[in-house]
Amino acid sequence: MFDKVLIANRGEIAVRIIRACRELGIRTVAVFSEADRSALHIRLADEAYLIGPAPSRDSYLRMDKIIDVAKKCKARAIHPGYGFLAERRDFAQACEDEGITFIGPRASAIAAMGDKAIARATVVAAGIPIVPGTEDVGNLSDEALLKAAPKIGFPLLIKATAGGGGKGMREVRSLDEMANLISAARSEAQSAFGDGNVYLEKLVEGARHIEFQIMADMDGNTVHLGERECSLQRRHQKLLEEAPSPFIDDDEDFRQRMGAVAVKAAKAVNYLNAGTIEFLVDKDKNFYFLEMNTRLQVEHPITEEVTGFDIVTEQLRVARGRQLSFKQEQVKMQGWAIECRINAEDPYNNFLPSTGLISHLSSPKGPGVRVDTGVYAGFQISPYYDSMISKLIVRGESRAQAILRMRRALEEYRIVGVKTNIPFHQSIVEQARFLAGNYDTRFVEERFSLEHAEEGKQTFPEIAAIAATLVAHQQAERSAHIIARGKRDTSNWKWVSRWERMHR
Amino acid sequence: MFDKVLIANRGEIAVRIIRACRELGIRTVAVFSEADRSALHIRLADEAYLIGPAPSRDSYLRMDKIIDVAKKCKARAIHPGYGFLAERRDFAQACEDEGITFIGPRASAIAAMGDKAIARATVVAAGIPIVPGTEDVGNLSDEALLKAAPKIGFPLLIKATAGGGGKGMREVRSLDEMANLISAARSEAQSAFGDGNVYLEKLVEGARHIEFQIMADMDGNTVHLGERECSLQRRHQKLLEEAPSPFIDDDEDFRQRMGAVAVKAAKAVNYLNAGTIEFLVDKDKNFYFLEMNTRLQVEHPITEEVTGFDIVTEQLRVARGRQLSFKQEQVKMQGWAIECRINAEDPYNNFLPSTGLISHLSSPKGPGVRVDTGVYAGFQISPYYDSMISKLIVRGESRAQAILRMRRALEEYRIVGVKTNIPFHQSIVEQARFLAGNYDTRFVEERFSLEHAEEGKQTFPEIAAIAATLVAHQQAERSAHIIARGKRDTSNWKWVSRWERMHR
Amino acid sequence: MAKYIATIGEKVYAVEIIDAHHVNVNGHIYEVDFQSISGQPVFSLLVDGGSYQAHVYPGEEGGLQVLMRGSLYAASVVDEREKRLSAAGSAGAVQTGEFVLRAPMPGLVVKVPVNEGDAVKKGSVLAILESMKMQNELNSPRDGKVTRIQVKAGDSVEQRQTLLSVE
Amino acid sequence: MAKYIATIGEKVYAVEIIDAHHVNVNGHIYEVDFQSISGQPVFSLLVDGGSYQAHVYPGEEGGLQVLMRGSLYAASVVDEREKRLSAAGSAGAVQTGEFVLRAPMPGLVVKVPVNEGDAVKKGSVLAILESMKMQNELNSPRDGKVTRIQVKAGDSVEQRQTLLSVE
């Protein structure tokens, strides 16, 4: 049984896994790229090794180097986190071949579910409803895709067979725009997962995205931990998730029916460890299998907060060959949890990614608030990786309390140095449709505009005018001051360096 | 019904109360002394007013000024927090006279329980066992105390009638040292509570300090939320608390018997809102009423974490005249919670208080971790107030998980600029006696030494030698550098100011 | 005693800094207390007791961005003392092509000291606009030739109204 | 190439900084990576892959305090290049009364350039001690008169062994 785990990832999820190991007395090994020497996961791990240059393909996607490190430092297990190598069957296989425990499903399950085309065939065989799309296996040529498209009908989605999280995904409204979109999707998939294969799927409009958390042990005990509502997306990127789903809410029968199907899908591939079954659900509560994410999910914490189970701890437990610590009937969702993904991007400028040094960071704290992050004051946000820098999770006795708590937590969150989407979330949690829990996967793109949202809000232009004027005044005074006193005066140093920070 | 609350306090508890109000849509008014302009409670409140100079007696203890502010800004309720005016019956009365809701018990209950001597008489009348001591009411002269002492017998405790939290408390082993200790206790009580009255109590040795959380509404519904183990103290100052108590653990019958007595004691003074009944418990599970804290307790969060109820929210609810949101039978303690009080003091130098600017602060985060604090990076710790700067609270499914989680959280906690007792806590949570839950109120003073504790630990002197040498080397290089480059070179500024910080 | 004109979107405020703790906004005097948090561009601002936290940083096209209570306010502040639009002013923005001078605030055109066809240098005064009892020189952001003057002394203009162009 | 002697409690380490990524500790070469966190006296230190976070700050009586994994290490670092004990050295501590010169590290007495009764000034060399191939001058912290010399050239001494006194 392993007592040292290598975490083949970075950022908040690497930190999350290190914490779980710490709490089990398992030693941790971090790997890092040249861009991440100062990253939090390096500081918190027991050991840390450089594996290559900043670009993922030269570091976090280098299976060979990562496995070499594991062998060198005698880490008998590897946790892949999400993204990077998490859904690469060849990586899971390579670990197995080296006698290293891959903390996740068997390579065969990744192969079956990781390749979305095979996955669809598999679950169809198990009698599970799916969204119409390309039935045949991966490796489809552009020609094959263009030929299949009209049969499926437009609008449709191009999706990465290896992928998830909206990467390598494109929406197609007509055949003539399709060729370009395919190549765009392929190259995005290639860089994200090292695999450019894509497939097609009919676009179910006005649908909700609801997923079920699965845990399975080596004895085949397979349970679900209830659902997560992930419909609040922008360009297929999840932004805010909640558990339970306000759409399912207290329809326990509906929940258990979907949960049973999710468990059935997992069992269809003899699933092991943590995974997620994603469903599309239409207004009439028809649901279709969308895909299975054969890994830990970004939004797993909201399930932890409402079920009380620690999913990562459970992953390690199961990987060590022990049984799940709970049975299906022990799983109850209590209270309500919401997660906001805090991204370094400018919500006022088309969500352009924002990079730079975080000069000041003050996280929300207090009751019912959890922050999972890999950044800190003084950390440089580089352009090489995902823009998600933090997950703000709140739990409350009710959905209403959770929303009120999220509002105060968002207002407390201060990040200086990079732009973030916090104001976007602050507007979302004020929206009537969100409060009513009445939103689908198109809500953000079709029904929400930050500008309009702000019109509704109570604003304080006069206060803003005073603040701006006082800052401008201060600047004027200071620049005068600089000229007056000159650089020799050491007493200038402190505020000058402060001033430099202010203008980063 | 009030919709704006003035918080007559500072620091983490003011922040805690502001957050609860936020989550209920209640507007908040902060008051502050000249030392606290930049304090977090000022930044988070909707309104903030200066009430006087730094010393408490000129600001946070000035009832008149605070009530003036409440009237001026039309705050129809005042939350006193803990300490300062929280247990001053005249303040509760003054609020009542002004038609301001005092968020706490009625003045009569504060009078009865706030004056420890009367309290003892009251609960004795209700048939509740107490620790032997001065039976007569407050206002005891030094002579009276010296006369009463021999009858009670030594060792005994001098305790402030108005007080709590070990302030104005002195332990007396013989009559001849008593006179000095009385005056010391009186002056400490005077400065802490504005009331120099003290009384005497027999010292029960080898005892545990276990307290029960009480909540009562205006209809007289009075329930307890289970116990907190507070035996881990140093000089009568609580340092670490846990819920449940490892001494009671799963003896549910014992818990309910003590809880019933606690409720009885509260009812004896027609109690309203949140309060805490403190008991001394000996090895044979005999328990004695010690005192009632007629206010919100510092360590209330651990009860929140195991019961799932938000005590401050409940306080506001009850103060608004509504019934408690739960009944006694709905109160269950699930899992385990531990709180470490993080104080700005030097554990390696006799716990001397440490003041200064917090130049860097990185709080523990992730699952099961809660931090309640009033400080942040850039905040100046002043010598005027309590040295507690933060409360680190963890919850786990079991005591073992909670302890492991506390260990990793303590290791994650980085505070630069002031010395803290974090290393002390790190040693405590490694102690065999602590792990066994086998400690009494004297454990820290009599059985624990930080130096010895560290001998036991795994240490890394060679790594420390490398770190120290590299820092010394860097300093040498840099000072050479400064001389070499001179002050005109602006590129020096950044690291020079950094350097200044290093030497704070 | 410093006087400024602050523009938030369409709203214009004459802000006079009376002393460290008092400002006059459009004739109304407020008691203010303004503190930087941790030496960062995050400020704690008390206005007549109201407590606000504002993150104030330079905008992409000049001016200042004020992020406060989940809303972003684009501000431009004009300094009266130096009788010019600060770099933050809207006039500073355009750098190439035809420069269209627009009124940064509603006001009265006091003088247009140039004629169509005049060659002007960067910084030359193109117009003087009186607003809230302050006269503000509007300068040319670059060298060029004046074209299409659309106002004359005595005209009152709305905010953003075109005054003239420089090619 | 800088050489130091670092003392942690009773333990003594000869630390040689070979280059930015290698140190030699008592003859064993380690690969190290040392980074300040956020420009603070908190450091991330990688030693042959082992990851440590250390908070390093000046001690009350000179020297450096290293707070790491919940333990505090009192360190004193002697710089070999400058041929003197740093203020951190144990010799620097005592300021008044009789000053007893003790060996800051185990080693060989190379020379005792003073005799009993000699008047010495602050900074005068009292003894030269060779340790781990480095010669270290031990200086007088103040003016005074040498008394009770207890060692001679060629003696090998233990750490903290008394060498001589200055009154």
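Read from first to last, the chains carry the letters A, B, C and D; within each, the first residue is number 1.
Assume a contact is a pair of C-beta atoms (placed from the backbone, for glycine too) under 8 Å apart; a residue touches a chain by one contact, two chains touch by 3 or more.
Being a predicted model, the structure only gives us computed values, none of them experimental.
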item: Reference chain A; chain at largest CA-centroid distance; value: D
item: CA centroid of chain A to CA centroid of chain D, Å; value: 51
item: Centroid spacing, where centroids are CA-atom means, of chain A and chain B in whole angstrom; value: 38
item: Inter-centroid spacing, chain D versus chain B (mean Cα positions, whole Å); value: 43
item: Touching two or more other chains - residue numbers and ranges from chain A; value: 44, 360, 376-378, 411
item: Chain C, residues touching no fewer than two other chains; value: 37-40, 50, 53
item: Graph class of chain-chain contacts, one of line, ring, star, complete, other; value: other
item: Chain B - residues contacting chain D, complex; value: 348-349, 359-360, 410-411, 414, 416, 422-423, 426-427, 430, 454, 457, 459-473, 476, 494-495, 498, 501-503
item: Residues on chain D engaged by chain B in the complex (per definition of touch); value: 2, 4, 6-9, 11, 13, 15, 17, 23, 25, 30, 32, 34, 36-43, 45, 47, 50, 52-58, 60, 64, 66-73, 75, 77, 79, 82, 86, 88
item: In the complex, chain A residues that touch chain D; value: 30, 37-38, 42-49, 73, 376-379
item: Complex contacts: residues of chain A adjacent to chain B; value: 15-16, 19-20, 22-25, 44, 301, 304, 308, 310, 334-335, 360, 362-363, 365-373, 376-378, 397, 401, 404-405, 407-408, 411-412, 487-488, 490, 493-494, 496-497, 500
item: Residues on chain C engaged by chain B in the complex (per definition of touch); value: 33, 35, 37-40, 44, 46, 49-51, 53
